[in-house]
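Letters A, B, C and D mark the chains in the order given here, with residues in each chain numbered from 1 onward.
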Amino acid sequence: MSIFELKIPADPKYVMVARMTASAVAGRVGFDLGTIDDIKQAVGEACNNAIRHGCGTCGNDCTEILLHISIQEDALEITVHDRGEGFTPLDSYKEIDISDYNDLPESGMGLMIIQSLMDEVVISSSATEGTSVCMKKMLITTTISGTE
Amino acid sequence: MSIFELKIPADPKYVMVARMTASAVAGRVGFDLGTIDDIKQAVGEACNNAIRHGCGTCGNDCTEILLHISIQEDALEITVHDRGEGFTPLDSYKEIDISDYNDLPESGMGLMIIQSLMDEVVISSSATEGTSVCMKKMLITTTISGTE
Amino acid sequence: MTGRINKDINVRKVNDKIAVVNFSGEMDLYSTPAAKEKLTELMDAGTFNIVVNMKHTMYIDSTALGMLVGAFKRARENNGELRLVSPSDRVQKLLELTRLVNVFNIDKTEDDAISKFNGEG
Amino acid sequence: MTGRINKDINVRKVNDKIAVVNFSGEMDLYSTPAAKEKLTELMDAGTFNIVVNMKHTMYIDSTALGMLVGAFKRARENNGELRLVSPSDRVQKLLELTRLVNVFNIDKTEDDAISKFNGEG
């Protein structure tokens, strides 16, 4: 198992660095370009949240975001961690409600995008530990058994 | 001062990740494309050395490379660190000797390249601490005094 | 706003009521404030028919999408419209994922979009 | 060697004695062994006039440069030659920095290079 760690300042300017690092690892793992972009997107959304909701709203000692990336036997796993004040995550995030054109929501799409693009998403969050968004993308492996 | 840290496995396959991360930071700092490529090159050479000479030759507990990147007031500073067995660095590294076509050297270009491309290079190395190659690229700032 | 950001934003006034805006590169949490500023500037000056060309938008995150929705709403409230033009594959995918593809009118070319502003072109 | 690596290497045999090799993408510590293998294969089969086209080599590190020097030497020892063709700006910069620009013969096109192998073309 290969492990990568990246620490970046909790600053919108540097979310791109996290996206690039994750893309580079995903590329080396062998994902196709579309999947690499999906992973990049999910990492970008998670880092945005870490900055906007995590670090942005808490005290002084939360000025960085940590990415933990591991290449596992069957998956690429990326965890984005902030030491912000945390929140209570829902089980699943739905598409925004676009039925009323006069009242279209301008936010609330991030976690839905992450859940759509990644194969497995686990959010752990607490006021003391902060938030970890752990996202997995399965590696394409040949099916050994089964008829599908 | 903005600080980034990246840990990657000491594996040729993942040097590209270090290069991409360094390029991304350099891009955000505002360096032009040529300079970004120079920084990428220097980081690549330093990581290669960390893998080939540092980690490659020592015991088991040196399986990762650490990059420490800081955006300082006047410079981008990148340190590539390995916990390998170290070496005694020279003050300066010269171009390879190409006078004899029958005896052209096939190695020994890495540190020369790093020194040529970066504005300041400090190598600290010991058998216990491993090797740190600290490289600075100055930010272009307007000269305040002087007539040059 | 630094020069670096603004070089990714290009505004062309077609007339008093219509403008074309090009966003190139990456539209993210960092670049979105400058993009929003441009759209706000246009609307503050009374231009509510806005074409956003996304041919060269290589990445867009949810904060940038949200910003576009905000501009869409303001344009609409002022009897104008914000139309998108030739989104890159990446942007298209995000528009579909968020179902915003059902909100924005999307055209192939800037001229197509301009010709569709009702009677204002 | 995986498919991923080899798709960046393209070999074209001009005749028994001459081959053209294209390295695209990044030539680094990781991809160099596969590149070296290709050149070794050619020379093991008696092809010592080799054109290395570096138009699409976007990055080259010192280990890849060293590998090319090794191949250059072996070709020369066997009365052949390894010539470079249209290095990208990046590769050109590295060739100058290392002064290897004085070692390799560099041509503008593959045809130019092929025509220069003495009497072997």
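Note that contacts are C-beta pairs under 8 Å (C-beta built on N, C-alpha and C of every residue); 3 or more make two chains touch, one makes a residue touch a chain.
Here the structure is a predicted model, which is why all the values come from computation and not from measurement.
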{"item": "Shortest contact path, chain B to chain C, counted in steps", "value": "2"}
{"item": "Set of chains adjacent to chain A and to chain C", "value": "none"}
{"item": "Length of the line joining the C-alpha centres of chain A and chain D, rounded to whole Å", "value": "41"}
{"item": "Rounded Å distance, chain C centre to chain D centre (Cα mean)", "value": "47"}
{"item": "Centroid spacing, where centroids are CA-atom means, of chain B and chain D in whole angstrom", "value": "26"}
{"item": "Touching two or more other chains - residues of chain A", "value": "13, 16, 19"}
{"item": "Shared-contact residues (touching 2 or more other chains) in chain D", "value": "none"}
{"item": "Chains that touch, pairwise", "value": "A-B, A-C, B-D"}
{"item": "Complex contacts: residues of chain B adjacent to chain D", "value": "12-13, 15-16, 19, 37, 40-41, 44-45, 48, 51-52, 95-96, 98, 101-102, 104-107, 109-110, 112-113, 116-117"}
{"item": "Touch list for chain B against partner chain A, complex", "value": "2-9, 11, 13-14, 16-17, 19-21, 23-25, 27-28, 64"}
{"item": "Chain D - residues contacting chain B, complex", "value": "26, 28-30, 59, 61-63, 65-67, 69-70, 72-73, 76-77, 90, 94, 97-100, 102-103"}
